[in-house]
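We call the chains A, B, C and D, going by the order they appear; numbering starts again at 1 in every chain.
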Amino acid sequence: MSYGRFLLKRGLQGIVVVWGVVSIVFVLRFITPGNAVDAVAPLDASPELRERIAAELGLDQPLYVQYLDYLWELLQGDMGYSYISGIEASSMVFSKLPATIELAVASSIIAIGLSIPLGVISATRRHEPADYAATTFSLVGISTPNFWLGIMLILLLSVQFGIFPTSGRAFGFVEAFRIAANQGVGAGADAFYQWLRFITLPAVTLGTYFTALITRLTRSGMLEELGQSYVRATRAKGLPESLIRYKHALRNTLIPVITVLGLQLGTLIGGAVITESVFSWPGLGTTLINAINTRDWPILQATLVVIGTGFVIVNLVVDAVYAYLDPQVVAE
Amino acid sequence: MTETAPERESAGDDALVEVRNLRKYYQDGGGLLDRVLGREATSVKAVDGVSFDVREGETLGLVGESGCGKSTTGETLLRLREATDGTVAFDGENVFDLDDESMSSFRRRAQIVFQDPFSSLDPRMTVGAIVAEGMRIHGLPESDPTVATAAELTVGDGIDRTVEVSVAEDLDRVVDGDDGVARVSVTVRKDEGADDETPYEASVDGYGDLLGATVEDRDTDLHVEVTVTGSANAIRKKRAGDLLERVGLSADQVDRYPHEFSGGQRQRVGIARALALDPEFIVLDEPVSALDVSVQAQVLNLLDELQDEFGLTYLFIAHDLSVVRHICDRVAVMYLGRVAELGPTDEIFENPDHPYTEALLESVPRAEVAEQGRRVATLAGDVPSPRNPPSGCRFRTRCPKVIPPDDIEIEQAAFRAVMNLREEIEAENLDPDEVRAADPAAYRKEEVPGIAGENAGVVDEALEAVADGDFDTAAETLRDRFETVCETTPPDDSPGGDGTVVACHLHD
Amino acid sequence: MISPRTLRNLRKELRSSALAKIGIVLVLAMILIAAFAPFIALHNPTNQNLDENNLPPMGFSRTTEETTSEMVNGSLELTNETVYVNASASHPMGTNSLGQDVYSRAVYGARTSMMVGVLGTLLAAVLGVSVGLVAGFYRGRVDDALMRFADVSLAFPSLVLAIALIGLWGRAAVDVPDPFVVFGLVDPVRSALGLPTGMPDSFVLPGTVIVVVGLVNWVWFARIARGEALSIREEEYVKAARALGASDARIIGRHVLPNATTPILVLATIQVAAIILLESSLSFLGFSGTTLSWGFDISQGRAYLSTAWWIATVPGLAIVLAVIGVNLVGDWLRDALDPGIEGEGGV
Amino acid sequence: MADEILKVRDLTTRFFTEEGQVNAVEHVDFDVRDGEVFGIVGESGSGKSVTALSLIDLVETPGRIVEGEVWYRDADLAEEHRDSHPEAVDGDYVDVRQLPEATRRWLRGPAFATIFQDPMSSLNPSITVGEQIAEAVEVQRRARANPRRTRSRTQGYGLGRLIAGTVLPSQGYVSEESKQRAVELLERVGIPDPEQRAEEYPHEFSGGMLQRAMVAQALAGEPDVLIADEPTTALDVTIQAQILNLLTELQEEEDMSVVLITHNLGVIARMCQRVGVMYAGEVVERGSLEDVFENPVHPYTEGLLGSIPDIEDPAPRLSPIEGNVPSLLDAEMGEKCYFADRCPKAMTSCLTDIEEHEAPAATDDTDHLVRCILADREYDESEALGSAAKQGVISDD
């Protein structure tokens, strides 16, 4: 099976999963008590009025018709209008998406950038201070709820020493570049600096759990890989230890680490939701929570669909990297 | 040569197991998505039309290198895997279409012992539970109405009345009956010291608390009643203990776990488990391959003793030919999912007919000093993939005696080289530029020495086609001249009158 | 069920690793605190006492501006002066904005976290293992369908799905009577120790949260159970059992499940830790059915970060310690039994 | 007396595990002559593989080489260390055990090369076969190219490129020249169309082909001694015959000595001129093939030869060695014979005197040494060891 065919197969499976996500969101609507009409109709609406609203929302058709309409609309990107604000759901969600992506990408970069070296060092310098430090940090890291970590960071770095803002978001990463483009580098740099000031605490909060998790994975992965018999055979042919450690062991360690990255993406997005609410970061997370509290169904539905689809796309990327590193996966 | 062998071989050896045209294909990549991607499902033809008989009381060897399908045959035979095609008759009935009830009785009559001491015993069960599992599944030991029960009575001194003893019907659940009678010895004594009104007591020797004896004082005589008091579990545990003793372990290890035993001891537990249901036929799937030589010998001797004692029939699957020579009465040599040769052991080992058997025997290093100088003509190449086995005779790609067409004169070595070249061309492994650079004739001299005249001319012509990148014409030209019966028609591998097989055109 | 060899490996690993000992101590402490909360809590966690609100913990003091207004010759005069509020012995860890004892609320919070963590994991395990074993054992279309469904539920981060479900289903909670209080065992002991009596006779179990948490995390158990079933069914002792005539049900029950317990056990510890974090996140966002929860206390403390930092800090530390303990026990099980689980499970 | 390339004296390796101390290799002595195949035969748990690992200093914790000398003949090496390590040099011989760690590591390749039992698990599954063989060639090339002969083999390959090399193959450590040499080596060991096969991954090779690739990798450093630890055990008998032929052919052409470790007495008979029989960590008998196979003195060797079914004339019953291989955990070896509890000819003095004795009639110039008193005297029924005493030999739990 060639590499391209493997990706094509994963892509098709991805589409099936997206279809699954969309269907579950549809089903969610029907297993929740109360119904859409209450959310829209005024409390004292007469039965006829409620009737008309239901018809308008298409709720009187048989289930499968509603499902097909729902799918058809979705394909055209039309996810209905917010019950509360009346804004088109898709535009609202897509306007909030960049903030969440920024946060997720920033924290992932921190996590991967820090944890791989940490994991390797603590695996290769066992029972030395570096190992104990990395193990302790990673143990505390995965045991700390990220909202509490966020609050503590705010307490220390914003309230006490005022280095960072306590919440909110200045410019988007992309906006900073646009400003730099049309208002000159100075303004751009300043916009970028502001962006950095606002995103640091949330990114660190969200990234910590992940850094700790991947450090632990890399460490145990490296230890296991160094115990493999091919390492001993490679040593027997006189290869230097550094080459064995990085070219051979680390490369094979990255394979399971990347698989777990794919699996733990859900945790990352889940973490983003909380981090956004702690720092009131204007991303999908806050939108989601508001939509649930106000039972604003179209927005909730749009958010869930976007999160689910985003998850599948990112997983596809992870699969591509994984298959590149491990030739046996493509062969199976 | 009829397709299916006559039912009855020569008088007296009626076949217990008759395998006819057994096939087992493994589908892979047949998933929905694969079809969508246009990748048709390829199947691995692990067993591709195998027929043989296993006669009552004999040990039939099933030999071959890895990938030849011998283990798959053994497992499919016992329906541990679903067969793709073919029939297996056990004592006359086709195993593949037994209903549940007769399937359960088949399970009791046919058992299996596996190869890997570490994977064949459930690490979380005690050795006693492992051996007794079969009995628990089939609700054994049940009482067999045809077995009579009897008791030898020894009366202690001081008892003046006649003593009469009766034994429970299901005594044979505890006591093994030999030739139809389960016998137990009971002693009755008068207990001087006892002051209660029935001074007499009776006890059964042996069998711990599984059997109880009660004395009833009917003023004219004493009536002793022997009953089975042990629970079914207790009885099974004792029987498991007996089985462990029988295979050379000790009964008090019944509560130990597999990890406390060595490789050889674990294989003995596997054998005890197979014996628990008192089977007639056992498939031994490489039972000693994972053992060291000294332990191997112990287990082989044990298998011999058990065969004589219980009249067992073995299908002995192995890749170690010297072990097969030692223990098997007849041997079937398998290659790439088919039987290459089948016959009495000494006949096969002393003068093998099939070239593969010959090469196999040649390759085995003998544990003797003379082995040092022995010139061994080894087989070239690797076993082809069972996904698309070679056409005609499957051994033709490696056979040192491939049959040239009648109308041409060619040495065997040269013909073998031509056949190898043909395979390279058909697999399009040759590099056209390399052939063009080296000029076809020179390339031919180097690749296929020892041919001349017209043969050489045809090969050069083919190599020219290769040089132009046209592999099909090259293959075509070579096939016209050098096509051999080995590649066109598969040799006949159905058992002959005396049950022997030589699947090779040299012996048609 | 647990074979002596597993026990031996566990003891051997325990002897040689200090972290494992710490883990067990922390987990035992948490279990005892959760079980005997009524005895060791200083006050009834729900009692409010507004004139003792925001008391700092021992060793700290708090300044507050107080303005007193008085009528001085016809005009209102405001004078403010800084007043020091210092800790009180009866509230060693201070009080929150409603004057509730922070320490006692943390003690009762342990009970909520423990219950949700254990019951949620149990529900997820039962659901996931049964699905996974069937999928792995029978393979084929059953396996494909179940695993695609698992991929779909993985596409929803557990927190997102949990919020959606709780938000839409509402926060039903169950009032569970507290046996110690109901049988009157608590007050005599408390008065003997000179502690105020009148502890709550029942505690609130967030029913929806437990069900949702279980529903959301079953996938991890399904994946592990499926992987184990796939490999165990190829073991020779399973083929031998089939040759003895064992039915599929017996093989799954007697051979596949017992040999799959090790990885499931390790995953369970990971999941308990993950669910404690999840529950606290949910209650922090206001999606829990009970107020007696660490997450809720942290969200209350958020508004008072600059003035009463301890309200949010103490419950946070409690979560961290509890989860560290459970994670250390998880590591101990993994190192001792080496089930080959890497990175599975999570919030 | 042909000259020896390798002399092993008193080699002892032990494993210090939590459950106790395991004496895997106890005072093992043997010599390997130029261009000779020396066989080490023994069952599992006899310590033969640990002996191999001890030779190339690859015993990992909790194992440790406790004592012993490994004298390797290399004139230049001896010259180089004559003054820095006077006690480690004796004429042209150098005791590898006393050399600094870096030098010992450098010897892997040019002096000793190793092939293992399962080729599939001896290669990195995610790197092509050609690249891994080229690595072995590259190591030697860089070591030779190094002017200061400090044996640094990463010369000119900084950490940055090393890290990048984990993911991007282009940052390879391997030069084009080495890749070309690797293809030649593949051809040398008889692998068809080597250029194409060099680009394939280990899982695309058959067992036989992969073992040939391992042999090619071992030849990269033109070793003096090839250590083969059960090289054909995982292979089928026809493929095994191919590999054994290959080894014989290479051994003659490259005039390299081979230490062949296996449990298969047939393979020993086919390949080895001299052989050592190991049991429970000790070499219980060693000598020429004729001595050990035709007139074995040690009862264990006899038992081993007796328990193999002979393919040419099958005996009705095999004569196995009773009992099981002893566990070496916390076994107090000391001066008693470790086979006494299973030995049909065990005598009381077996528990006291087990030094190596010169066997009586050594067939040719080699010596035939046996760690058993039967070498000096006949079996004497009256002194037979009772079964109770036999039980006491090994502290059985």
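Going forward, a contact is a pair of C-beta atoms (placed from the backbone, for glycine too) under 8 Å apart; a residue touches a chain by one contact, two chains touch by 3 or more.
Remember, predicted model here, so these are calculated numbers, not experimental data.
Quick check on the contact graph: shortest path length from chain A to chain C, in steps?
The least step count works out to 1.
Tally the contacting C-beta pairs at the A-D interface and at the B-D interface, and name the larger one.
By the number of C-beta pairs in contact, the winner is B-D.
Measuring from the mean C-alpha position of chain A to the mean C-alpha position of chain D, what distance in angstrom results?
Computed from C-alpha means, the inter-chain centre distance equals 53 Å.
Using mean C-alpha positions as chain centres, tell me how far chain B is from chain D in Å, no decimals.
Whole-Å distance between the two chain centres: 35.
Just how far, in Å, is the C-alpha centre of chain B from the one of chain A?
Each chain's C-alpha centroid was found; their separation is 54 Å.
In chain D, which residues are in touch with two or more of the other chains?
none
Which residues does chain A have that touch at least 2 chains other than itself?
As it turns out, chain A has residues touching two or more other chains at 13.
Tell me, which parts of chain D touch chain A in their complex?
Its residues touching chain A are 53, 56, 58, 60, 105-109, 113-114, 116, 118, 121-127, 132, 135-136, 139-140, 143, 152-154, 157, 159, 162-163, 165-167, 173, 201, 203-204, 214, 217-218, 220-221.
Note which residues of chain D are touching chain B in the complex, please.
43-44, 192-193, 196, 206-209, 236-242, 244-245, 263-270, 273, 289-290, 293-294, 303-312, 314-315, 317-322, 324-325
Chain B touches which residues of chain C in the complex?
So the residues of chain C in touch with chain B come to 3-5, 144, 235-237, 239-246, 250, 254-255, 258-259.
Quick one: which bits of chain B touch chain C in the complex? Just the residue numbers, please.
Contact set of chain B toward chain C: 31-32, 75, 78, 80, 103-104, 107-108, 110-112, 114-116, 119-124, 130, 133-134, 137-138, 257, 259, 270, 273, 277.
Along chain A, where are the residues that touch chain D in the complex?
Interface residues on the chain A side: 228-230, 232-240, 242-243, 246-248, 250-252, 254-255, 325-328, 331.
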